[in-house]
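The same chain A turns up in both complexes below, where it pairs with chain B and then with chain C.
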Partner chain A sequence: MILLTDVILMLFMVATAIALVFVRNLFAVIMLSGIFSLTASLLYLLMDAVDVAFTEAAVGAGIATVLGLATLGIIGVQDEKPQQRSSLGSFVVVLITGIVLIQAANDMPAFGDPDAPIHRHVAPRYIEQSGEEVGVPNIVTSVLASYRGFDTMGEVMVVFTAACGVLVLMGRTRKPDDYPEEDYREDIDPREGSSDFVPKDDDESVRS
Partner chain B sequence: MMREKPILRVVSKNLIPPIMLFALYVQFHGDFGPGGGFQAGVIFASAFILQSLIIGVAEARRVARSALVRSLLAFGGILYIGVGFAAVAMGGNFLDYDALDPHDPVHGQHLGILLIELGVGITVATAMITIFFTFAGYEPLPSEPAPDPNREAPEREDLAQAVPPHEGRR
Partner chain C sequence: MSYAVFSSFNYWMVIVLMMTGFFIVIAQGNMVKKVFGLNIFQVSVFLFYISMSPIEGGTPPILDERFELYSNPLPHVLILTAIVVGVAGMALGLALVVRIKAAYGTIEEDEIERLEEEMP
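And now, the complex of A and B:
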């Protein structure tokens, strides 16, 4: 039964991915990628990776979709015209990469194999000892926060750096933005020149 | 934005407090069930995003002041690293929570995990709020018109007259 659900969900993901390639409307692309993430989170849920499923649903399907829509608000919904030139070369590259990846997948341990290397290295220690060593019922939390605390610090720094990058690139502060719109529009009359940060209407040449 | 849609506004307004409460639950219940700082931060930020979708980004920014949000963005990371150095100061390795409570290492682990998850949650929440506000509140300057395929790029002098400053807001 679980196998059937897995297969159906994966087919759904494949269909979403194919639709993503062919759809030209950017709004539909964002929605489809949200659906893709939500399906992936369902798959994680079926594999009992609840924490990962939670993150995927919150970040992949939630925030990423909202940010995509916000970006769409900036650049506008444009239907890009399909390129006329032949894309045979790209197809060959994708085909070869796919064949190589499928070949490599043959060497991977079988799905759910208890003797897979990943289950024989440090995982038994986490499962058997973390209750005494860390004392947190959720092993995922004890691995994430304690055993692998240094990695998680790196992840936090990545998030911090991403926010800083967005601020540096797009977060230019124009002084009037710091004030509520009404105050700026009505209470401060730019023509009176009462405030040195409000550009006058004919001041464009100075600013640009 | 949606001032004229009372149902959306009332429903969303009533949803925001439970969303924040759920974020706090996910944050502090991460030791026992699924969840933790990353998920809680994203959920907490989504409350602010929902609010700014209803009342507009400019209004939402009056609640989440950018100075406060940016300070908290840095504070979360500092809290995390600070816990690491606190462990060093108390005689352990970096991020070795056992050293936080010399008498009861498991209690030290609990304390350390609680604090660093709080740091993660604060940084992720404020980072998401910052990124969303930056994207949603972004307006091209009058000197750089928004891409519009149907319009030819006007000359620079024409542009100053065609688009008066700050006219693009409404």
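And now, the complex of A and C:
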């Protein structure tokens, strides 16, 4: 039953992804992407990854959709224009890469195989000893916050850097030409502490 | 339906999804769509990792006296980190799209190329 659900959800995801290729309206693109993430989170749940499932549902389906809608709010809802170039070359590249990857995937250990190398290395130690060593029932939490704490700290730094990048990019959407110098003198009193004001060299009253 | 029939199905579907995302990124000109194509690519990599973690008859990796066989928690941890980083990268990409729209007035790749050529 679980496998049948898995097959149906996987086919559903493929259908959503192919619909995303052909849809031209950007609003529809964002909504389909939300559906895609939500279906992915169901699949994670099915494959025993409960923590990943709710992170994907909250962050992937929630925040990513909101970010996309906010972008559309700024640039305006619009349809994608048809490309002048032919996409045949891209399709051939994608097809060849896909065939090579499927060849490689046939060497992967079978799904659910308990003897796969991934289950033999460090994971048994986490499962057997994290209860005593860390004391949290959820093994994923133990590994995330304790055994691989530096990894999580690196993640926080990456997110911080991305947030700084977004702020730097979005903070400069106002062009300097929109604010002629006369407007500064009429509308803004520099003594009230406006940070936008740049005093000119010949303007002695401002300096004092 | 046993797990044996199914052994590589997830991997094949993941590759199909990955190639769909890849196609959107390289063939489509609209930048918002490119960012979301990259998102499909990311999610398919996450699914690939998570597909390696379950064990036949295992339960989610939360310790309880009634269970002995747990799925592998390590891919879950790695992907948990990757999801958050992926959304942070996506926010940066969309911010760049907004800036490109402000600078060129369009988010279509071929129109931007034409504007660049017309510039002295």
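Keep in mind that, in the parts below, the second predicted complex is superposed on the first by the 169 of 208 C-alpha atoms of A that agree within 3 Å, B and C clash if a C-alpha of one lies under 4 Å from a C-alpha of the other, contacts with A are read in each partner's own complex, and residues count from 1 in each chain.
What we mean here is this: a contact is a pair of C-beta atoms (placed from the backbone, for glycine too) under 8 Å apart; a residue touches a chain by one contact, two chains touch by 3 or more.
These figures come from a predicted structure and were not determined experimentally.
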Touching partner for A:T97 - first (chain B), second (chain C), both, neither: second
Touching partner for A:D6 - first (chain B), second (chain C), both, neither: second
Winner by number of chain A residues touched, once chain B and chain C are compared: C
Which of chain B and chain C A:S37 touches, first, second, both or neither: second
First (chain B), second (chain C), both or neither touched by A:S146: first
Partner chain in contact with A:V66 - chain B first, chain C second, else both or neither: first
Touched partner set for A:P137, first chain B, second chain C, both or neither: both
Contacts of A:A15 with chain B and chain C, given as first, second, both or neither: neither
Partner chain in contact with A:D51 - chain B first, chain C second, else both or neither: both
Which of chain B and chain C A:D113 touches, first, second, both or neither: second
Residues of chain A contacting chain B in one complex and chain C in the other: 50-51, 55, 59, 63, 67, 70-71, 74-75, 137-138, 140, 144, 152, 155, 159, 162-163, 166, 170, 173
Residue ranges of chain B in contact with chain A within the complex: 26, 30-36, 38-39, 42-43, 45-46, 49, 58-59, 62, 66, 70, 73-74, 76-77, 80-81, 84, 94-95, 97, 105-106, 109-110, 112-113, 116-117, 119-120, 123-124, 126-128, 130-132, 134-138, 140, 142-143, 146-149, 156, 160, 164-166, 169
Contacting residues of chain C [partner chain A, same complex]: 1, 3-4, 6-24, 26-30, 32-33, 35-37, 39-40, 43, 46-47, 50-56, 58-64, 69-77, 79-81, 83-92, 94-99, 101-102, 107-108, 110-111
Complex contacts: residues of chain A adjacent to chain C: 3-4, 6-7, 10-11, 13-14, 17-18, 20-21, 26, 29-30, 33, 36-37, 40, 43-44, 47-52, 55-56, 59-60, 63-64, 67-68, 70-72, 74-75, 80-81, 83-85, 87, 90-91, 93-95, 97-98, 101-102, 105-106, 108-114, 116, 118-119, 122-123, 126-127, 130-131, 137-140, 143-144, 148, 151-152, 155, 158-159, 162-163, 165-166, 169-170, 172-173
Residues on chain A engaged by chain B in the complex (per definition of touch): 50-51, 53-55, 58-59, 62-63, 66-67, 70-71, 73-76, 78, 132-138, 140-142, 144-146, 149-150, 152-153, 155-157, 159-160, 162-163, 166-167, 170-171, 173, 176-178, 180-181, 199, 201, 203-205, 207-208
